[in-house]
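Lettered A, B, C, D and E in written order, each chain numbered from 1.
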Amino acid sequence: MLLGRMIFRRMLWVFPVAFGVVTLTFFMARVFNGDPTELYVPPEATDALRAQIRARLGLADPLPVQYVNYLWNLLRFDLGISFTTGQSVAADLWDRLPATLELGLVGLSLGIATGIPLGVIAAVYRERWPDFLVRGVTLGGMALPQFWVGLVLISIFFVSLRILPGPVGRLPIGVPLPAKITGFLMIDTLLAGDPALWWQAVRQLVLPALTLGFSTASPIARVTRSAMVEAMQSDYIRTAIAMGHGRRVVWFRYSLRNALLPVVTLIGGVAGHIFAGAVLLESIFSWPGLGQYALQSIERSDFAALQGFVIYASLLYVLAFLVVDLLYMFIDPRIRA
Amino acid sequence: MKIARLPLATLETSVVPSRARRKPKSYWALRIGIGILAFYIAVALLSLVWTPYDPLTPGIGDGYDAPSLAFPLGTDRLGADMLSRLMAGARYDLGISLTAVAIALTVGTTIGTFAGYYGGKVDIAILRGVEIFQAFPGLLFAMLVVQAVGAGITNVILVLSFVGIPDYLRLARAEIHAKRHWQYAEAARMVGNPPWRVAFRHLLPNSVGPVLAFTSINAAFSALVTASLGFLGLGLGPNTPEWGSMIARGQDGVMTGQWWVSFFPGLAIMGLTGSFYLLGDALSDITDPRRRQ
Amino acid sequence: MSFVNMSVGDAILQVRDLHKIFPVEGGRRLVAVDGVDLDVAAGETLALVGESGSGKSTVARCIVRLIEPSGGEVTIDGTAIVPLPTKRLAGIYRRIQMVFQDPNASLNPRMNVRQVLDEPLRLHLALSGAERAGRVRELVEMVGLTPAHLERYPHELSGGQRQRVGIARAIAVSPDIVILDEPTSSLDVSVRGQILGLLLDLQQRLGLAYLFISHDLQVVQHVADRVAVMYLGSIVETGPVADVFRDPRHPYTRALLSAAPVAQWGVKRTRVRLAGEIASAIDPPDACRLVGRCPMAQPSCSAGKPSLIDLGQAHAVACPVVVDRPT
Amino acid sequence: AKPLVHAIPSDIASLDPADIRGQQDQEIGVNVYERLVQLKFTEQKDGTLMADPVEVVPQLAESWKVEGPVITFKLRPGVKFYPTGNPMTSEDVRYSFERLVRITGNGKNQAGIAGLFKAEQVEAVDPMTVKITFTDGTGVPTAVPVALTSMKFQQFAIIDSVEVKKHATAEDPWANTWLIKNLATTGPYYIANRTLGQQLELKAVPNHWSGKQPAFEDVILRITGNADLVSLIKGGVVDYAAEGLTGRQYDALAAAGFPVLHGETPSILRISMAMDKEPFIDARVRQAMLYAIPHDRILKTALAGRGKRQVCLYNPEDPTCANSYEKYKLDLAKAKALLQEAGKPSFSFDFWYSTALPYNSDIAIIIADSLKSIGVTANLKPTPALQLLDAIRARINGADQTMSGMYLNEAVIWLNDPSTMTNSTVASKAALSGVGNWARYSDPETDELHFKFRNSSDVAARTAAYKKIQAKAAEAAATINPLIMLGRTIVINPRITNITFSQDPYARYAYMKLK
Amino acid sequence: MSGVLLEVENYSGAFWSPTNELVPVLHQVSYRLKTGAMTAVVGETGSGKSLVALSIFGIQPAAFVCTSGRILYRDTDLLGIDEKEMRSLRGAEISMVFQDARAALNPVFTVGRQLADVYQLQHGGGRSAAMAKAIEALRQVSIPEPERRARQYPHEFSGGMAQRAMIAMAALTCRPSLLILDEPTTGLDVTIQSDIMELIVELSRQRGLTTCLITHDLGVVAEICDEVVVMNAGRVVETGTTEAIFTAPTETYTRRLLAASQLLEAAA
């Protein structure tokens, strides 16, 4: 009951944050980015034409009126029309979401699936060679720019070894997408009963997912390691050992469960970032996801698209932390008290 | 039964190796981290007075000259000397991340200390505001602002420090908030210290550990973001020998065999961020209260 | 109102009807201190005993305004501390000081002994640098340290030495009364004796009054003139140490005294047992706080919280049951 | 058969010919729509097709008649729209052109250049005949010299009026929203498949009216973002790329056996100097800048040798081209002397350019380096496109004076005619002219000549006038000083031939063939 | 008294200091725990009481190095056996109760689950049977409403109750012969302390346990222990029966310790 109320209170907090984010985004975009009219007019247009367009874009109103209009439209999920795609921003985001989610989920799972065991290994072999190895590799994973790792992987696996396909997005060129059911190619291809297509999609996914996995596994491994080290020095682990529990039980059941708490927080943050689009990564792999969309809108000052994207990304971030907090309430009984 | 009092034993000679589990941490991470950082600083300082060639001058070589005696790290697309640019780049990447971190650190911890010590409504208001700012993904925020207000060192530094402030604020706030009822803080109040003195003289210096450890992480992040901005062409001026933009300038060589143009700046970035991370590791270890006993 | 815990002579510290309520999760109230009256006379030691969580530290912290009391009055030599605007607080710290339980935690790890002792002098007294240095040296010697210790940092001192520094800091500005919150409980037995000796010695030399908080009854017996026993935010028994220890009246006092083992061979105790664990101080009912654990509980115990009943010779107890039926 | 894969840097924003928003939209436009007339190509030795700068040949119009300001088009019979099957009539042409002038956007502008301002100027005489009366900006019928040539541009595409009208609504009377995403075309290709942000697949229209089927039944426009094109081309996944590659990468691909074709299309790099502000008030200072431009270095280092020096204000193939800028060869001594003479031996200024094009920075760096040797410091100001446009506009309108110094840009001279460019960038700022005159160049004689001969049909006098204008501009060295003709460089898979080059820098898939 | 269950023989050890030197902390520690007896190990903080006890379990801090000596349990040298053998002894033969039971219980599992896990480990059997045993054990240490308490988490327990649960785990769900208690009542309330001590005495009498009680509370020792080992600065100073130690201490250190805890001549 108390738990329910805590969850509810925590969820309510999303709204003021969302409102803050939207307001900030709006004014930041208006104040910093100037007048988008120029995007809509040919360079040699006359001044009268410009005024006409300005009015059509709703930019002739005073700023507060624009702001209220924006909020009102937002309530109806209307984020405006993107100049570069000619689509409604909401539809654009929705279209690109599956690509980002799919890559993000696979990359994140990869990161979690390797990061946590690596962290555990490093912790239990603390200050011995497996630890140094893990720490060295993960140090690289954190210190190397993601775009750089991606480039290197492409040049190795596509250019030199030619065992993986090039960075052309989710499917090889010329291969049409299966009918959109979930938007996830891993699922839709199978639903369409086309395992060959599934395999093609998997091959396209390998390099970007590896890059993403590498850069997410690294912090996860490091946090896991230090949390495990801390947990393993705790009194309750000493108790578990003294009661005769075996090493595996001690590590994976008793320590890891406690060590997971900071890891969950980290994963929440990382997931927030990833699902908001790994900007440079998607761009390098021409992955048609939200990150690439964001980058393009930044490069072309696509006002509406950018604003819509930032709102989406921030809300996602807020939601990720909401999920983390809720998870926390389930993992850590102390918080429920 | 009574055991005779044992003679004052000097250190036993036989060390039983099977029970000798491990040596405690020698500060290798700290040493390596400081070593690399010192090297970078030295290079940055040296580049102020000497580089093999002028790092800003194009056309010294033909462009894409492979590493040779004349150009130990080759030349870039415009024929500028890579080694000179790499050396000068230390100034920018190091300078930017350190300055940004210094600003974020100062502003963030000051506000955080106030919020943490005084608590109450102001504290809650600040925390909520910070939460909103933190909802913006850092790199994206930096890209957005730099794209909007324009490139340039000052802008990049300001944006990076702005991105960092919330973290310091929260960290300092949490530390101070937790410690403000510690006995030495109360003792400090009882000897007549005004609140600000308790907060800044007594509490804050004792929270440097976590803050310092985070500072390294933040510095690494700043260096990476600087490089990413540079890579996107959103960073500093176009001819600035910043490593990220150097990678971007050399990106076209990756697949055509001129690997050195983007390889060396990549290495430089990794060295710098790596050393920051190592320092962060070491510092959080060293300042861990359990180690301080 | 009847102040049964009257001290000999004039009270230098007076606490009247002190309350402290902490708001806790779910809008509930934790009543940590529930109407405490205390008097401490100049040069006297009043011990405040009771189990963990009974509110001893909270009383102390309210008195020196480290936390804001929810109600009540505190005066020191006739000057009010509670209530008093926070801005004027600094002045009272010249009259009243405190020594904390954990000498380790109460010293700033980044200040050496000299800085620790210099700070109160600088903040309170208009002294020149040289005068302060002299005073600092005087202080360390007074607490049994040597000037060589001045440059040391807390981690370079033993627990006993740290507590000496804490004591020196408290007496630096020559207060009238020092509150000692379990000053020896985190020290080793062997050091405990030395610190207690030092405290008694200082009391004699400087005419200090002590409010001595402890749960170690042996120590209390050793140092205190009078004792007040606290249970869940209220004082349940008070009186001269000798009387209370010889003839404890409140069931809780008896249980407490009988639970303390004596480090002597062959001494057998007859324990007065209390059932179960200490109740919670959250939203307490208006009843005797011991109800439910008390072996002598009567139905009437649940009807209202008993107040102290004077037994004469400054001995008072908050239990009508034992007053009616003496042992 | 294997489809033709064309790598494009970003997705298409709009398919509506009247509302074209970017380069990508234009590229798709020339391939899916058709116009009354089209470019005239001649095959070169290397197998590429080079478009004639002026002459046009019939496409949807079978023939036409020019009578002063009036052009009467006879439409080709039997042309059908795909997929509706509606026959093309004069109403479609009239409707298409009416949309052009009604919708706020790029099309309206282009129509104005051609001399088309009002819907009433287009008249459907009978189902197969359209009569257009061209006017100047004030509505006076004038024989606009570029009227016919303009008709070949993508904006003048003929759309299926019957189908489009079905999608018109009260808020959107011109069905703009529908046409942004849908086609109503007679063209050789239709969009078979589109994945937003990833790719667009074209298929040849079955039984096209021309009776010719393209060699590539299937064309895929693949959005590659920042992905490395070299690896994609080498890996054989991309057949055609014209953007996103550096000179070095072209060289490397050429060395690897991939045909790298360079066409000298009139894409001109030019600099303007703010002549109303220090340090560029003195013409000698401006001339000194031009004498310090290292054309050869720019060509070699930044452009890998592709391109050539440009010495005319106008299209070099234009008869009005007078080579007036020939004298500004790299001559540092002369530059120094001019500065000395002007009493400004050293100064610094802001050097503006857009970040949109990768080689802009390289060129700016090289120019700045050269200027450094004559004691002048150029503060590079790479600026995102929107901010730059904003600032430029503010300066031209006089709303904001923060911009000064030098401005580097690239422009394509689509029309082989001097009037449009002169009107926009050389003539003084007025309601209908000077909208691109960043330098604020102002010369009464130039203005007079321009307005007098702008629409003149006296070819010789007109040519002389513009030569005069050009010579004056070169002397003043302020507005749009031409530096380099960049041209267009394309890399293709060796299996492909018949690549087209034209003033509009676009690929035309229907012409391409397999070797 | 009868035989010796455990004997610590000349046990010495050192810590690696941060500067990579070996700092000796235990010097030839020797004492015996007699079968069925309750032996107290007393001494000041840092005298090495816990370290020896942890060494018996092989769970001494990682930086600790044993430099010499043997720990014999039923004639097996515990220092010589491998991890697997050691594990089979833990809980089954030797069991331990730690100070601060709330920290010694895993915060993210229910108390019942932790007890049941140990029961299953030691005795096998199904999960629900183990849980029933766990509840039973909680009942035996006088925890009211054991069914409900078993479903609670350690932070929901008071210190005294957690210590009871800890004792239930170490002495009841495990069935050891030797029970080591490291300051089991420090930090608890005085009245609760007495209750816990009484519980310990009762259980060890009932089950015939050999008990080793580490404490610095001499009052407790005087009251309940049979034998006393006095340690100081990593050395055993004196051993003997409680009566002997309290009535006729031979070493000055022991005398000082006794005097201090009785607050005799305290000011000295």
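What we mean here is this: a contact is a pair of C-beta atoms (placed from the backbone, for glycine too) under 8 Å apart; a residue touches a chain by one contact, two chains touch by 3 or more.
These numbers come from a predicted model, not from an experiment.
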Target chain D, source chain C, minimum contact steps: 2
Partner chains that chain B and chain D have in common: A
A-D against A-E, pair bridged by the larger set of C-beta contacts: A-D
Geometric centre distance via CA averages, chain C-chain A, whole Å: 56
Whole-Å gap separating chain D and chain E, where each centre is the average of the chain's CA atoms: 88
Whole-Å gap between the CA centroids of chain B and chain C: 48
Separation of mean Cα positions, chain E and chain C [Å, integer]: 33
Set of chain C residues in contact with two or more other chains: none
Overlap residues in chain E, where contacts from two or more other chains coincide: 62
Overlap residues in chain B, where contacts from two or more other chains coincide: 22-23, 25, 147-148, 251, 254-255
Residues of chain E that touch chain A when the two form their complex: 54, 57, 59, 62, 83, 87-92, 95-96, 98, 100, 103-109, 117-118, 121-122, 153, 155-156, 166, 169-170, 174
Complex contacts: residues of chain B adjacent to chain C: 182-184, 186-194, 202, 205-206, 292-293
Contacting residues of chain A [partner chain B, same complex]: 16-17, 20-21, 24, 28, 32-33, 126-128, 135, 139-140, 142-145, 147-148, 151, 155, 159, 226, 233, 272-273, 276, 279-280, 294-295, 298-299, 301, 306, 310, 313-315, 317-318
Chain E residues within the chain C interface of the complex: 44-45, 144, 158, 160-161, 189-195, 197, 216-223, 242-243, 246-247, 256-263, 265-268
Chain B to chain D touching residues, read off their complex: 56-59, 63-64, 77-79, 147-148, 150-151, 233, 237-239, 251-258
